[in-house]
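When the chains are written out, they are named A, B, C and D in that same order, and each has its own residue count from 1.
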Amino acid sequence: MKIRVGILGATGAVGQKFISLLEGHPWFEITAVAASARSAGRAYGEVVNWIEKGPIPEAIARLEVQEARSDHPNLACDFVFSGLDASVAGDVEEAFARAGYAVISNAKNFRMHPDVPLLIPEVNPEHLALIERQDWGSSGYIVTNPNCASVGLTMTLKPLHDAFGIKQVHVTTMQALSGAGYPGVASLDALGNVVPHIGGEEDKLETEPQRLLGGLEVPADFETSAQCNRVPVVDGHTACVSVSFVRPPSSLDAVKKAIRAFRPPLEVNGLPTSPDRALELLGPENAPQPRTHVDLGKGMTVSIGRLRPCPLLDVKFVCLVHNTIRGAAGGAILNAELLAQKGKILRKNSEL
Amino acid sequence: MKIRVGILGATGAVGQKFISLLEGHPWFEITAVAASARSAGRAYGEVVNWIEKGPIPEAIARLEVQEARSDHPNLACDFVFSGLDASVAGDVEEAFARAGYAVISNAKNFRMHPDVPLLIPEVNPEHLALIERQDWGSSGYIVTNPNCASVGLTMTLKPLHDAFGIKQVHVTTMQALSGAGYPGVASLDALGNVVPHIGGEEDKLETEPQRLLGGLEVPADFETSAQCNRVPVVDGHTACVSVSFVRPPSSLDAVKKAIRAFRPPLEVNGLPTSPDRALELLGPENAPQPRTHVDLGKGMTVSIGRLRPCPLLDVKFVCLVHNTIRGAAGGAILNAELLAQKGKILRKNSEL
Amino acid sequence: MKIRVGILGATGAVGQKFISLLEGHPWFEITAVAASARSAGRAYGEVVNWIEKGPIPEAIARLEVQEARSDHPNLACDFVFSGLDASVAGDVEEAFARAGYAVISNAKNFRMHPDVPLLIPEVNPEHLALIERQDWGSSGYIVTNPNCASVGLTMTLKPLHDAFGIKQVHVTTMQALSGAGYPGVASLDALGNVVPHIGGEEDKLETEPQRLLGGLEVPADFETSAQCNRVPVVDGHTACVSVSFVRPPSSLDAVKKAIRAFRPPLEVNGLPTSPDRALELLGPENAPQPRTHVDLGKGMTVSIGRLRPCPLLDVKFVCLVHNTIRGAAGGAILNAELLAQKGKILRKNSEL
Amino acid sequence: MKIRVGILGATGAVGQKFISLLEGHPWFEITAVAASARSAGRAYGEVVNWIEKGPIPEAIARLEVQEARSDHPNLACDFVFSGLDASVAGDVEEAFARAGYAVISNAKNFRMHPDVPLLIPEVNPEHLALIERQDWGSSGYIVTNPNCASVGLTMTLKPLHDAFGIKQVHVTTMQALSGAGYPGVASLDALGNVVPHIGGEEDKLETEPQRLLGGLEVPADFETSAQCNRVPVVDGHTACVSVSFVRPPSSLDAVKKAIRAFRPPLEVNGLPTSPDRALELLGPENAPQPRTHVDLGKGMTVSIGRLRPCPLLDVKFVCLVHNTIRGAAGGAILNAELLAQKGKILRKNSEL
């Protein structure tokens, strides 16, 4: 008897990725899909503009789409994933939490709310304690995952912060088109071009990692300067990062060792979506690249390369994250798996 | 009676760009083309794999290709442009200088030679004084232009260095495929991908700007950290730059004003290849972009955008340079024009 | 005193191309720009999302945008170009014709109207006689140019039809992204992909060439099968064409000769936008290519290559047209120039 | 005890794909890798420029590369796959056949040899009888798979030929970059471009399908006209096809039914690399597309769409094949599996 899942924003790009990744999931089973009023009442397979590779899972294609409503937050499921657009996520997610649902959200709306965990299981599972502080007048709660580019950066910083203390971060990203959703970036802006601006992105990169690497109340104390660019890549956000440390390591090898020695908390290791290696330090001087490394660990591994001294800060390197898997739907699923393992997400007895 | 020009490395990508840009030049006329022994003795139009847009200029197509030889440096022309590959440029360029030719080179071999000017006319025309120190046993000499990515960065830094003194530079580049020549980057490595490594490039970016912005003997005293990436763009190197200053400006407006107030030396302004504006500060938050801005000033204008405070250093911004025009052949032609105007390049009386 | 031009649909992709191409036009001067109600009343430079290369011409940026209304067809100009979307072009263009304007349209709405010329000046200038049949209750009239892909195909077929009589045409197109306007094709659908369907396009390719190559009443009598694909190219529709003839030529050389001998009517030759060569037959076996040939004749030349026997029909070849210049705005401008030369477009005496 | 496999041309693009696809194969195990003299004697992992996604299988990385020699055809394996370049494949493959090896080749050299099967298991398994006619003075033999574009076309034609008899075929291909190997197409020729020529490709498309759909001695009797283009797609050859029939079907539905009813011979169905569906007829008007359909059936399914009447021939449609899997290494592996099942490839008793 699997735990029953509802997908808010099921027809969007993130919603579709949830559906793809959950196919055959050992613990979770999609029993409800919700979208805007426009799609409601019809079969999912008829209304969705399916952009994932491979066919729509047949069972999902037949599901009737519900309307995702803040005034009637009701879906036949045990908890919900939210792939809603930020323009509506705030109201709808809160309504579902008030109605008693665990809301595992990919939207940005509650990421910086002091009582809502901004979670990467390998980085700050202890932040789940914040759930206890949430009071929606029900047993419901909200858990969020970070911005797609923040995920890759933060996972890479984690072992370095633990070992040496992050002091300053300079990061320039080259972000994939899929990060903008669908239809997202116009092809005339994308093909053979670089767009050196992504609305709101730099602010997220300059604040989310501190929250993720900090305590429940106080973010980690380091300063970040971010420059974000859109490049003609389908999947995979690449970041060029320079870092200075509070306690500079004695050598570059000490940094490599810290990255290679990184192990997620034991409770995370066995989760179905947890990759063999959360971080992979690559050797070749031209790695990582989206084309060859974005799918490592089925898109859940963050790859790192070109680790070398930085003339200004202490070290510099390149990291790569699959933005729609580890950086969005896959990350949210891992969050839900951690919650399910901790007994925070249960199959309810009530009949659907 | 135009000045007669020879092109060393005429069949390569840079050589072809020289030929394209010199078509209809008011002062210079190509009278000789030289390449490797493989092409020598045949008509240029028959041996070249022409990759420029538009047809090969007819007069050039009919020229017989000479062999570019270090042991027989002789071409029917008044001076030479060198688009030679670095693997052969050293010997051949020196041989032509010894044989009395002015060698206006795009190759890297002599860029850091203490007696060879590394020149951007708008930045350091006074460095031409170094020519007097060269002694090749003839009236010949060598002048070089910088690496394509260095050109864009240095031109942008110029007014800032003059006004506030550059202290630290952090630069991440997203460089075009044409920078690797032809065939250059394999399409499977380029399409939908980012390659976070370009051999030798970071070192050039970390040293050439200091030489360009320094005096004849002593480079400017600032430290640079560079990270260079290849992205699927045809023409146009984009750079995300953060800068700190010796004398920080009172406001961002002061920085804007410094950039907008930049004027090249008068002697440069009237040169045929000199653009109306050497630097163009753009307003829109998503500018500059290769697709829309790379051809500004016929590819000779460096465009700048997204000027804003940097949380770590003082300011950050994005700059864009046309790598094969301003950053290579066009830059070399401007160098030659400055030399011609100063009487350092003359039409010789001897019959060809 | 130039003829005053209004642009209907001035903020769209085609409208912007009209503005770019008309900059510095010797006969025409833009004095009015019209768009949807959303943009009306504000300066053009403030409302347009400018996607053309280079800056917005300053005089145009300052023009106040008018609303393009079918119930109040009034612009301060002598005639109008229409770059309107087909969803509104029908009503608005008719209204302007009724109000006495010559409407030179790029929209599809009136292309197959029996009294409206579907015009390529080099192909069927005699079709302008149809204008006399139009009766909008005013001196106004409508002239259209063909679908962008039809233009390239038809211009190539013209000399072949004249010489040998076209019997059957098989055409497969690989069409550029700019043909879909802006934002047009989503980048996730475009990058590294082929979309083997363009709504309504095949029907146009199967019918417009017959009208263009036929008489005023009766289209040319040949059958076409078209397959249209979208490919990740910015500008330039490439078509692979096979043709059979009513009077098959004796040799491939006879076909080459027919293409090379093609000369537009004398009245077209001297028009400002008329290229030196309307058709260019290229020799290399890998030509034409969008990257190297799309800008031939400033985008007004159709290039042809790979002419060879077809095992099924008589000959096959590849042709390439710049879809937004020759295939849209540039073609419409050439149409207007022909009309102006014939005295059908005049500068009116009335003050603006 | 798995059957031991050697890979000729192991460091090339096709060789790497063999290695990727054979990882974890239930019947075959790679025990030898051979390449040019340049790589011989060193560990595979050290000499290969690995372009496949994911890491090199560890056991293969440690194998010492042998030289693929025609004068010393000896590898420690039971049979060989050949991913050799055509320039050397002829001599080396023949030498290995003479030395008693079954040679399952992807090269073109022996495809049209009257005694060598050109094989697609779902299309013409009976052609394996040709092996008996081969006489290399040993028990060795050669089996080939078709050109990558021919595979997709032929598999699609198979049920149509069986039902209605193919009379004429008009095909225009849009072929992926990976079809040219590595480094293959230069990125400057690929990005945002179409190259309307692929050396030798049209000839293969105009002759191989007839051999595949014919008998052992006599090819099928139909005529094909092919036009081949290179487009900026990583994997997946798309073809626009028009077909006329000897016995035209009564309706389009009859054609659809024939395609949907297609079932491979029973002996093929259970093979490890055989996909659930060899052909998949897709419904949406914009399918198939490389981005979404190329990996169907793990790259072994040919997808078909846009089936509709053709104004010139009988029907037209679009088909898509994964060129490096079904069209190359995967197809060869399926060939070997069929041979193994028939007892034509055995694990030999001799110790390696």
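Observations, loosely collected:
One rule holds for everything that comes next: contacts are C-beta pairs under 8 Å (C-beta built on N, C-alpha and C of every residue); 3 or more make two chains touch, one makes a residue touch a chain.
Note that the coordinates shown come from a computational prediction; the quantities given were computed from them, not determined experimentally.
Relative to the C-alpha centre of chain A, the farthest chain centre belongs to C. Counting C-beta pairs in contact across A-D and across A-B shows that the higher total falls to A-B.
Per-chain CA centroids place chain A at a distance of 47 Å from chain C. Centroids built from CA atoms put chain B at 43 Å from chain A. Computed from the mean C-alpha positions, the centre of chain A lies at a distance of 39 Å from the centre of chain D. Residue positions of chain C with contacts to 2 or more other chains are 51, 188-189, 191-192, 232, 234, 291. Those residues of chain A that touch chain D in the complex are listed here as 51-54, 191-192, 234, 291-293, 295-296. Considering their complex, residues 51, 177-178, 182-192, 232, 234 of chain B touch chain D.
Taken together, the chain B residues at the contact with chain A in this complex read 168, 170, 172, 174, 188-189, 192-197, 206, 223-225, 227, 229, 231-234, 236, 238, 240, 242, 285-291, 305-306, 310-313, 316, 318.
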